[in-house]
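Remarks on the structure that follows.
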Amino acid sequence: MATTNLVRKPSQPPASSAVGSVRRRLDLREKPQLWLVPAVFVVVVLGWEYGIALIGVDEYVLPRPSQVVDSLWRQLGDDQFWGHLWVTSQEALVGFVIGVGAALLLGTFISQIRIVEATLMPYIVAFQTVPKVALAPLFVVWFGFGLTSKVVMAAVISFFPMLVNVIEGLRAADADRIQMLTVFGASRSQIFRMVRLPSALPFIFAGLDIGIVFAILGAVVGEFIGAKEGLGYLLLQTNYNFDIAGMFAVLVVLSVMGLAAHFVIRLVQKRVAFWAEDTKVIGA
Amino acid sequence: MATTNLVRKPSQPPASSAVGSVRRRLDLREKPQLWLVPAVFVVVVLGWEYGIALIGVDEYVLPRPSQVVDSLWRQLGDDQFWGHLWVTSQEALVGFVIGVGAALLLGTFISQIRIVEATLMPYIVAFQTVPKVALAPLFVVWFGFGLTSKVVMAAVISFFPMLVNVIEGLRAADADRIQMLTVFGASRSQIFRMVRLPSALPFIFAGLDIGIVFAILGAVVGEFIGAKEGLGYLLLQTNYNFDIAGMFAVLVVLSVMGLAAHFVIRLVQKRVAFWAEDTKVIGA
Amino acid sequence: GGGADEGAAAGDGAKEAKVTFAIASAVIGPKEEVAVYAVAKELGYFAEEKLTVDTINADGSVAALQAVASGSGDITAADSGSVLGAAEKNVPVKAIGGLVQNWPWVMAVKPDSTITGGADLRGKKIGVISLASGSAPYARAYVKAAGLDPAKDVELLPVGVGAQAAAALKDGKVDMLALYTQAYAVIENSGIALKYLANPDIFTGIRSLSFSVGARDFEAKRDVYERFLRAAYKAMLFSAKNPEAAMRIGYKVFPQILAGKAVDERLAADTKSLTAWLKTATPASGTPEQFGDWGAISDQEWAKTQAYTKEAGQITGDVDLKKLWDPSLLSGANNFDKAAVLGKAATYTAG
Amino acid sequence: MAIKATARRAQTSAPASVSESSWIEIGGLDKEYRPRKSAPTLALSDINLTVRRGEFISVVGPSGCGKTTLLKILAGLSPKTGGTVRIAGRDVTKPLPEVGMVFQAPTLLPWRTIFDNVMVPAQIQKLDLRRHRERAQQLLDMVGLGGFEQKYPHELSGGMQQRAGICRALVHDPAVLLMDEPFGALDAMTREYMNVELLRIWQASGQTIVLVTHSIPEAVFLSDRVVVLSPRPGRIAEIMPIELERPRDLSVMSSDRAGVYVDRIRRHFNAAGVID
Amino acid sequence: MAIKATARRAQTSAPASVSESSWIEIGGLDKEYRPRKSAPTLALSDINLTVRRGEFISVVGPSGCGKTTLLKILAGLSPKTGGTVRIAGRDVTKPLPEVGMVFQAPTLLPWRTIFDNVMVPAQIQKLDLRRHRERAQQLLDMVGLGGFEQKYPHELSGGMQQRAGICRALVHDPAVLLMDEPFGALDAMTREYMNVELLRIWQASGQTIVLVTHSIPEAVFLSDRVVVLSPRPGRIAEIMPIELERPRDLSVMSSDRAGVYVDRIRRHFNAAGVID
């Protein structure tokens, strides 16, 4: 009953490349989100446009999408608007980098030395619970009315989610892997680089994802407190002018900013933490 | 050279219990945070009290701790204050439970069905980047002037960090463990309960930790917009009355609330995710 | 703008100075920053005084006072109640001139409402901006003046300003609103009709915004502040005479007011808002030609304001007005050529 | 300590057309791994094998030849590239409920005690918990883990974890049992003892067993047939029926006939060159 | 494919007082695990053992008797409860740089290719990367992983991962090599081949090796002395010198003298009753 097949198949059968080309064509079927996302968008927008009258919401409370688009269109044609966008992007981005960077450094430091964590963490939590908006005068005294106070606000708000995730992530490293490196004489910093950091990546990316959203929020809230430019200022201004459609146009722009940042972060994650993708089980 | 020791030691030698009692006594040495945290506190407070004049910060921008304590003392003796505290705690807690609960449910749903994630996630991110403070008027129109709008604010703000962590956490489950359960015929929901959820716990607790802090913030910001009671209202009131020390007393109370919640969450984590503690390497 | 022909500007010995004007609001709108700052800047009134003036936005009167007291700003137009509150807490501030002199708060109802005055208020809901804002004590005082108990006979609901307040009134969540006149102008501009209730006499003479500065370097900067006030009052007069021109100037200096819209689209509405604001900051009757004695606050007005502020809970005792109120700059501040300003206003066309 | 075979075997209903003699059918099975980041690997090529109900099959072959891959395909965990795989007449496209598996790595859940780990299949399949708790206890006692029920996996040695994994695969008495080097981490003595116990359980229960092992004597001792795989890509080099009478005990292994089988299988390895 | 021994051995400077004959000294070693949630386990009791420099020691014993525990203590990974452990005259309280280890589970880093995994020790100890890359490649070729250098661990079979783990332990040519069942996941042929290669490397390099194994013949074939541990708590039941002349080849194992050793060790297991 012995069966032997002596003809060795090539290890890359022609079928393989065929599959590749088929894949490229079937993108829409393999990634249905490519049409589902716009589809949902269209449904929501249409429902909003025509449903709004039915449920009796006033335009000055919730404008119709068509009005928002009108307003958005006008804004996009305005040089000032791009100035505001640029200012807020700058604040959010610089704040994000600072906040997230500080969280990464402090989180690393904290998670490596238990005693530092136990000592500092309560203060960090305590500080985070303080509504930063209430501290506005302090912020202004310390950081002035310029960009800095908004950058600080963005940094402070994006800091905490990142910190918690960094600490938790650095802790989540597999003990066996750490033991393995230890035996080969790895220093703390080598263990950190070779095991802890890679293991923490899913946590870190979650932190980045939350962080960028909060950095944008922070910049906007900072602008609420006292600013002469930026999308947050524009929000206040449109609201003050009873230009609710204009306000929603700004909100849409903020959303798009957040979305863009989110996709960039997820893209980087796929590149950097590739092994997590590859080890997934088929059909589970 | 064969050495054999035939006297079998009891598997629980008396030394073991002795070690236990020594441990209890050495608490301060084993957990130096028990004195380090208060020590840092004392240093910070003293530095603030006496250093504030040196760096030239005015009292009406940043009051001295003694003034804050005075004010706090007065507040604590006031029944109304406890009413405010109760209202905010309620809002924050209910908002936290709703936000975090929704994130858990939606995160579970989303992470189980890739297509749902790909379709919904952009909208969730987009919604999160919208500054809730700007939407406050809408919130109030929709949810009224009472507790609800603040609860919604707390829920909405604590939702996102939890969601991202839940999704990332449920994904982080070990593929081999899932395979193991699959072979034994586990349904999706069984895999979820038996592997995905436990594996996600470090992420979930990070999310809870961030979530509670943001829930308190959300409740306070909600009260900024339109409230008759609550610590956020008290902040506005003390600020309006130029009672800066009183305002800082409220901020201190908010911090303590955040801290208390943080410790409760970490305590629960230690109980629930005990195995992570036990597998840690000594000296690594 | 020309120099000497418009009156006694800064003397030859005056030094160039930089001044930061703290706007006590997070937004820029058709109010003091336009009528005072933008006009004075654009028409060269500041330049004539050898002043370079810049603005910052502080989130409310308290923040603005903190800013001037701590030196982040030099001068602000802040709510007099808050100024009194600051003085009581020993915040080093000084009031140096009045700005808003007519009571800016007023009650409004839907046009078809049956409420006509204080007597109809029992059991009603009043929408205030927030319970921690000037609008709440106003509503309470209004109710009290009608012989009702504000704690029992009415309910105050925080509804904010703008759309939120309008919606609350329209949906019947509140029966009336207690806002400032200019906030109503914004609501009316969006096409919502309102009916206003007359304020009882008790509110006449209570002061709202006043110019305030930090007390610590007050003596050193006396001269600078006088020059600022003079430019400011000149601008006020100009704006009172020609609000539309003032508004156009406002757009030029603060293009962000437009928030992406065209001047023509907004001008009418914004001019209406600015006019509403100007009415509160100029004598209740008379024409701009008759206006004078800019910035004066009588002892009686201070007493009334102080009593009201105490009632509102912003202060608990009496404030030493001698320390707080320094009217000594006003004579110099009023020393300018009214006719020149009025003439310019009458013929102004935006360049 | 006798583990009683439960009567579940009889319940496994198969389509009438499935003859008992082709309980597991593998025809022309190919498997190629196509990782995203590196070159594809042909792991299995043209595997043909029919297993009758209640048969004990062992699979041997050099490291990396595709044994684990074969078991994973049988278990419905890994998709095949070509060919057919059927168990009890059903195409295997996902895990079938009547199949149990012992993994090459023990894969215990760190948040469950040993006992609760062993109970996982019973819990998943919602079987009578009381009866299966008893069975789990018997199995744990049998493999020498009595007294460790309430410990957590990281408190056990490698071999003890593997034994717990074996108990887990046996607790719900699956009709088909796939075992991937279940005794790899055990010392020779424990291993022999476990071999004997496994034979006893198999004989009492009538399970169909496919066992991957590195020990040729073990394969000969336990199996009805031994499948020898060639090095990568795994092909069937020989399927050798072991005609030693049952029941067998360890003394069989010192017999000449067993020795002949062992040598013959061993020759396959040498011929293949195994390494390098 | 010859792996050249590097000259690093000579560098390992020991205090003058350490005689070559007591390179590793274990005296009265006790180890009790005290988990927080369950009862303590006495894993090792009164272990006394002296290993001379360059010696090849094997440790055998039933599953769960404390072999891994002993290696972990030697590696400085696990604290002892009592007694002394010294390597080259130094108390072992943390991992020593001249010690390398093969783990019972391969423990490769999933984010590194096989080649980079093997290079880990060289990278950690900042050794000459170019030379060690060559060595890593030679080792990988030797264990039959040539061509898999750029694959990631999850693309390898269990046995292939274990072989990569062995390469990793050898790449930096450590003076003391601790091996915890390094060949457990390998088929008999590959295993024998690896045994021969290990002997060759050991003879060329003069390493001191402590090997935990489940295979008694393997222990006899490789070792100067075999340490037999009793079941939990692990005590030394016997330390048996293996007086077979070196160099040895596989034919040694069919000799009667080897058989005598194997039988004698095996008797220890039977006496102990091993399982239940």
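Chains here go by letter, A, B, C, D and E, matching the order in which they are written, and residues are numbered from 1 within each.
In this text, a residue touches a chain if its C-beta (ideal position, glycine included) is under 8 Å from a C-beta of that chain, and two chains touch if they have at least 3 such contacts.
Here's who's who by UniProt: A, B = ABC transporter permease subunit.
Just so we're clear, the structure is a prediction, and the values are computed from it rather than from any experiment.
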item: Residual chain groupings, excluding subunit D and keeping positions; value: one piece
item: Labels of chains that are neighbours to subunit A and to subunit C; value: B
item: Top chain pair, ranked by number of contacting C-beta pairs; value: A-B
item: Averaged-CA centre spacing for the pair subunit E and subunit C, given as whole angstrom; value: 85
item: Where subunit C and subunit D are represented by their mean Cα positions, the distance between them in whole Å; value: 86
item: Chain centre separation in whole Å, for subunit D relative to subunit B (CA means); value: 47
item: Touching two or more other chains - residues of subunit B; value: 57, 61, 137, 141, 179, 182, 224, 239, 278-279, 281, 283
item: Numbers and ranges of subunit C residues touching at least 2 other chains; value: 62, 66, 70, 162-164, 167
item: Junction residues of subunit D - those touching two or more other chains; value: 35, 37, 41, 77, 94, 105, 152
item: Subunit A to subunit B touching residues, read off their complex; value: 31-33, 36-37, 40, 44, 61-62, 115, 118-123, 125-131, 133-135, 137-138, 141, 160-161, 164-165, 167-169, 171-172, 175, 178-179, 182, 191, 202-203, 205-206, 209-210, 213, 216-217, 220-221, 224, 232, 235, 239, 247, 251, 254-259, 262, 276, 279-281, 283-284
item: Residue ranges of subunit B touching subunit D (in the complex, touch as defined); value: 176-177, 179-187, 190, 194-195, 198, 273, 275, 278-279
item: Contacting residues of subunit C [partner subunit B, same complex]; value: 60, 62, 65-66, 69-70, 82, 85-86, 88-91, 130-133, 156-160, 162-164, 167-168, 171, 173, 313-314
item: Of all residues in subunit E, those that touch subunit D in their complex; value: 1, 33, 35, 37-38, 41, 60-64, 66-69, 104-105, 141-144, 146, 150-152, 155-160, 163, 181, 184-191, 193-194, 214-216, 266, 269-270, 274-276
item: Residue ranges of subunit B touching subunit C (in the complex, touch as defined); value: 57-61, 136-137, 140-141, 144-145, 224-228, 233, 236-237, 239-244
